[in-house]
Amino acid sequence: MARFVLSIHCAPSDHDTTQRLVKFAHACLAQGHTIDAIFLYQQGVFHASQHLNLASDELAISALWQTLYEKKINLMLCVTAAEKRGLDITKKGIFSIAGLAEFAMLASDADKWVQFK
Amino acid sequence: MARFVLSIHCAPSDHDTTQRLVKFAHACLAQGHTIDAIFLYQQGVFHASQHLNLASDELAISALWQTLYEKKINLMLCVTAAEKRGLDITKKGIFSIAGLAEFAMLASDADKWVQFK
Amino acid sequence: MSTLHIFSKPISYYATERLANLIQEHDSVLLVGDACYSTYLYRQFSSDLLFLAEDALARGLTINESDNALNYADFVALTLSTSQSITW
Amino acid sequence: MSTLHIFSKPISYYATERLANLIQEHDSVLLVGDACYSTYLYRQFSSDLLFLAEDALARGLTINESDNALNYADFVALTLSTSQSITW
Amino acid sequence: MINVLVLSQHSPFDDMHIRDALDMTLIFAAIEQNISWLFTGPAVLALKKGQHTDPLGLKNYFKSIKTLEIYDVENIYVCEKSLVDFNLAKSDLLINVNVLDFAAQSKLIATQHQVVNL
Amino acid sequence: MINVLVLSQHSPFDDMHIRDALDMTLIFAAIEQNISWLFTGPAVLALKKGQHTDPLGLKNYFKSIKTLEIYDVENIYVCEKSLVDFNLAKSDLLINVNVLDFAAQSKLIATQHQVVNL
């Protein structure tokens, strides 16, 4: 069984990429693989916003991240990327605040790193 | 003398475009023109974030918007674009919350609409 | 030692000439999202294109029996059967 | 009735063929930001390119006397002397 | 009443570009300006028939495109060359559109008061 | 120790792409992995000498690029074709780099454990 890290680089307004990352993550787990971390980097940091307000016919982004959190996946928010982009890191919800070094170490130990953008 | 509206479409992490919009706006005013509104749309809504935390050698984005606010320019934040992207619209600072219709009416009355992206 | 190249947009989004030169014959090319609209334009990168079935179907494309249409389990397996992936 | 076309990135970011066909001879083409690195590549859009002087200088480019180098006052004036602008 | 042109160049699910353009088009129609919408490049794919992105969880905005006429948005233009590039015929499209060559697109742009590229 | 390749394709002031790539490169060097950084397309412009963006208020990250060697980042690669496209010679660049043709770039990619495109 393999160890994955995933990273998301696009804003939550990119619904298509978001749903793809979530499905890929669940498919990994279904095959018995491990996901050591999903890293929110570049515009991807905004996925950790606690203020997403979407209509009911839109992709339920917050609920999708919740499904990954419930599978005990470490959802890591890059703190420097977040601060430069104006995300309120005091309200992080299910996301953990991390430095680039923490993620780079996990990525170095993982078998595969797949980017979503 | 002409009436302008400007719009910004890129995130605050695009420092280059941001400084250009600000300089263009001040140059408009210096020539005696009016700026009826600057509209934050698409990823541009994040300029209204109250949580930008930049190092001192970075572009002072919040201070630049303040200079435009002090010139009494209406800094309009598109509410639907903001909600879809996760911006906290309860903390709007110097920006005013507006619908697309309000901006479209100003754009219809203006002589020129210049986009920054 | 083959690389998985992942594309999610129509080919006009990419530096076609550069990529055509970089992608090797034994590499895998996977089309997802909006890249599925125009799979045929991607033939210059690989004669053996892979694409995500549900993304193609959602976009109104018909899948032929000869097509390499993948589901998510296949996508995961593909990342493991290649040495590394690049999301362009 | 001329249009001002504004570009802020190197030309490879744009659909060159389509734009070359859309831009009219009497239109104005203004290069700002990272478009200033490679002004010569933009000649296919116009024989009379305009660019923002301070953006070009910051990027280490030298400005010749024959160049149409603009400051921000010129940029504002240009938006008024053209009928409409498009930021590509 | 002024002439406003919305320009779309992005592919259908590239961020929210096409949806932002749709919103902008509908708003200008609502405030009774003479609005036009021009699709070029991969944006023409947003007019393609037979798309059902609801199974992916993505909002099916193609339904709203189909209702543009109801909202009195009649000036929908499509770049001829882009249709060819994506192998699309007029009959493959969701709605009735005006197909324009480059010269006609330039003319369309020249008659506008404002052009917004989204 | 694994081989990690950072890929840069964006122009110098397109959002924070190059700076994000610089941060990523430095971090992998700091945790002592075998890091390489490949510049292709407009990204090669980030290596151009004589740029002073401080007057624009933009962070002069070119200074940090110059210090890469101090941080033991020695594997800096540049696409040969992209240098030609932007009319740049090796002597126009801030630092000493390895210029690679397409075959050499493909080989570089093939020897990596992870490739990150920023």
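Chains: A, B, C, D, E and F, in written order; residue numbering restarts at 1 for each.
By definition in this document, contacts are C-beta pairs under 8 Å (C-beta built on N, C-alpha and C of every residue); 3 or more make two chains touch, one makes a residue touch a chain.
This structure is a prediction, so every number in the text was calculated from the model and none was measured.
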Legend entry - If a chain touches chain A and chain D alike, it appears here: B, E, F
Legend entry - Chain pair whose interface holds the most contacting C-beta pairs: A-B
Legend entry - chain B against chain A, contact positions shared by both copies (same if over half, else different): same
Legend entry - Between chain B and chain C, centroid-to-centroid distance (C-alpha), Å: 39
Inset, instruction - Go ahead and note the Å separation of the Cα centroids belonging to chain B and chain D. - result: 23
Legend entry - Whole-Å gap between the CA centroids of chain C and chain D: 36
Inset, instruction - Using mean C-alpha positions as chain centres, tell me how far chain C is from chain F in Å, no decimals. - result: 26
Inset, instruction - Could you tell me which residues belong to chain C and also touch two or more other chains? - result: 12, 15, 33-34, 55, 84-87
Inset, instruction - Would you pick out the residues of chain A that each touch at least 2 other chains? - result: 11, 13, 16, 42, 58, 84, 112-113, 115, 117
Legend entry - Numbers and ranges of chain E residues touching at least 2 other chains: 13-16, 41, 56, 58, 114, 117
Inset, instruction - So, with touch as defined above, which chain pairs make the list? - result: A-B, A-C, A-E, A-F, B-D, B-E, B-F, C-E, C-F, D-E, D-F
Inset, instruction - Would you mind writing out the residues of chain A in touch with chain E in their complex? - result: 10-11, 13-16, 19, 55, 57-60
Inset, instruction - In the complex, go through chain C and note every residue touching chain E. - result: 9-10, 12-13, 33-34, 37-38, 40, 54-55, 57-60
Inset, instruction - Sort out for me which residues of chain F touch chain C in the complex. - result: 7, 9, 40-41, 79, 81-82, 102, 105-106, 109-115, 117
Legend entry - Residues of chain D that touch chain E when the two form their complex: 1-3, 15, 18, 21-24, 83-88
Inset, instruction - Enumerate the contact residues on chain C facing chain A in the complex. - result: 8, 32-34, 52, 55, 72-73, 75-77, 79-80, 84-87
